[in-house]
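The structure that follows is given in the form of structure tokens.
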Amino acid sequence: MIKKGILLLILVGFFAVISSLIINFTGNEALNPMAKHYAENGPSEVGAANLVTAVVVTYRGLDTLGEITILFIAAAIIGFFLKAHNADADRPSRLRKTSEILETASTLLVPTIFMLGAYIFINGHLTPGGGFQGGAVMASGVMMIILARPTSKFNHKLLSVLESVSGVAFVILGVLGVVLASGFLNNSFLPLGELGSILSAGAIPIIYVSIGIKVGSELTGILDSLKEHQNEI
Amino acid sequence: MVNTILIMAGVLMALGILLALFRFILGPDVTDRAIAFDVMTVSSISVIALIAYFAGRVIYLDVALVYGLLSFLSVVVIGRYIERGL
Amino acid sequence: MSILLAIFLGLVILVLAGTAIYHKNTKVAIIAAGAVGLFASVLYILLAAPDVALTEASIGSGLSTIIFFYVLNKIRQTND
Amino acid sequence: MEIRETVGAAVTLLGSVFIFLGGLGIVRMPDLFNRIQAGTKASTLGTILSLLGLAIMNEAWIWKLLVIIFFVLITNPISSNVISRAAHFRGTRMTNKTVADLLSDKNKKISEE
């Protein structure tokens, strides 16, 4: 009882502190100076129709590199721990078989999902989306394969090669920005092109393709190591 | 005229989502809740399309595209987990 | 009109988040968390942020639910 | 084109009525399989109709909306099939009014003989 009373007092105190924020709230009418700079100079400097892409890939490209590194470390740790546990799991499978409807649907749906993922990260500079979202959609396509055919195996060598090559390509593109243009991940060493067409925005589509492949292969690695390794029934 | 009809449609969609939410909270079993989740997902695709119409921006439909293709995967995973097939 | 829809979505998210926190059954809690992601992405579209909505749709509502269920499956297999 | 927009809006309204009925069915039906039937079918039809109405209203969006309709039409039956199969294997009870259960063991023996 006393405990609840103290809790209530704490809550009321919190509300008293925060209430002035709620009462005096006014929405942001004008852009702050940095956002204003991005909004005014972004299209001419970067050439991307989707301004979020311009910020994520070029102005704040280092943050994206950090995010990808974090995802890579997470995938590596999951793979490390689950590999060690899976080594002795060689017992016979008691899986219930997949229904024919799911198997038949997967033959139609898996290519469609991969196509949607490729559309999302190739069009990243024109429409919403980009490398991360496209990679997640690609990993969902792999998920569909695992669900429809649980005994299918993946080529781990190919996955790790794809991941390393795309990561190195991302860094090399960034360094090319230092050498040929004004800074790390500057995209203007390729022609900017016409605003709104697919071959525009300099190196952004290439950078996004490498990010998409990297994220997709990392998430695929996570899903594959979480999967129970079952034998054929 | 057109806007009034579309606002009525939006209110009906919101009511449908509310009823599915009711089943989600009430549902005696996991499968009931999975079905309620499925209905909520499919209904929110049309809510997204309606928002895209009112905002007048075709790029919002990309999100509906992703939902239309990927939302069924989580329901399939729930089903395979329940029937011990995962 | 859009503020009414935003309030409705916020209330639905609150109810689902409460379910996700307080429900005894872990499976129900995971599904509720996925549904929170679903309505949050609709809310992001209403706030004119389609990039964030796409991320929430593909990761928050799709992949994270799947990964949670795989982890539950792992726990069930080791307990048997 | 005033008439065309009105027709499109009316189709969207019809779709939203079906979505509402799907929600009503999912609350009112007595057991799980009836709920799957009511909820999934009605909400799929409702979504298709409301997207179709929006496609009638402005022709610039028609291809993207048709692609979304195609995806919903393919993926939604799969999820309902998988979930009902799982519920059946789990042993979910049906209502007393159920007439035929073709997946049960007894019926399978009868059909094999």
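Going in written order, the chains are labelled A, B, C and D, and every chain counts its residues from 1.
FYI, a contact is a pair of C-beta atoms (placed from the backbone, for glycine too) under 8 Å apart; a residue touches a chain by one contact, two chains touch by 3 or more.
As the structure is a computational prediction, the values presented were derived from the model and not from experiment.
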{"item": "Leader among chain pairs (count of C-beta contacts)", "value": "B-D"}
{"item": "Distance from chain B to chain A - Cα centre to Cα centre, in angstrom", "value": "23"}
{"item": "Whole-Å gap between the CA centroids of chain B and chain D", "value": "12"}
{"item": "CA centroid of chain A to CA centroid of chain C, Å", "value": "18"}
{"item": "Residue numbers of chain C (touch at least two other chains)", "value": "50, 53-54, 58, 62, 66, 70, 73"}
{"item": "Residues within chain D bordering two or more other chains", "value": "71, 75, 78, 82, 85, 89"}
{"item": "Contacts with 2+ other chains: residues of chain A", "value": "96, 102, 109, 112, 120, 128-129, 133, 137, 140, 143, 228"}
{"item": "Chain pairs that touch, as defined at the top of this document", "value": "A-B, A-C, A-D, B-C, B-D"}
{"item": "Of all residues in chain B, those that touch chain C in their complex", "value": "7, 10, 14, 17-18, 21, 24-25, 30, 33-34, 37, 40-41, 44, 47-48, 51-52, 54-55, 59-60, 62-63, 66-67, 70-71, 73-74, 77-78, 81, 86"}
{"item": "Of all residues in chain C, those that touch chain B in their complex", "value": "1-2, 5, 8, 12, 15-16, 19, 25, 27-28, 31-32, 34-35, 38-39, 41-42, 45-46, 48, 50, 53-54, 57-58, 61-62, 65-66, 69-70, 72-73"}
{"item": "Chain B contact footprint on chain A (complex, rising order)", "value": "94-98, 102, 109, 112-113, 116, 120, 127-129, 133, 137, 140, 143-144, 147, 150, 228"}
{"item": "In the complex with chain B, residue positions of chain D that touch it", "value": "5-6, 9-10, 12-13, 15-17, 19-24, 26-27, 32, 35-36, 39-40, 43-44, 46-47, 50-51, 54, 57-58, 60-61, 64-65, 67-68, 71-72, 75-76, 78-80, 82-83, 85-87, 89-90, 92"}
{"item": "Contacting residues of chain A [partner chain D, same complex]", "value": "96, 99, 101-102, 105, 108-109, 112"}
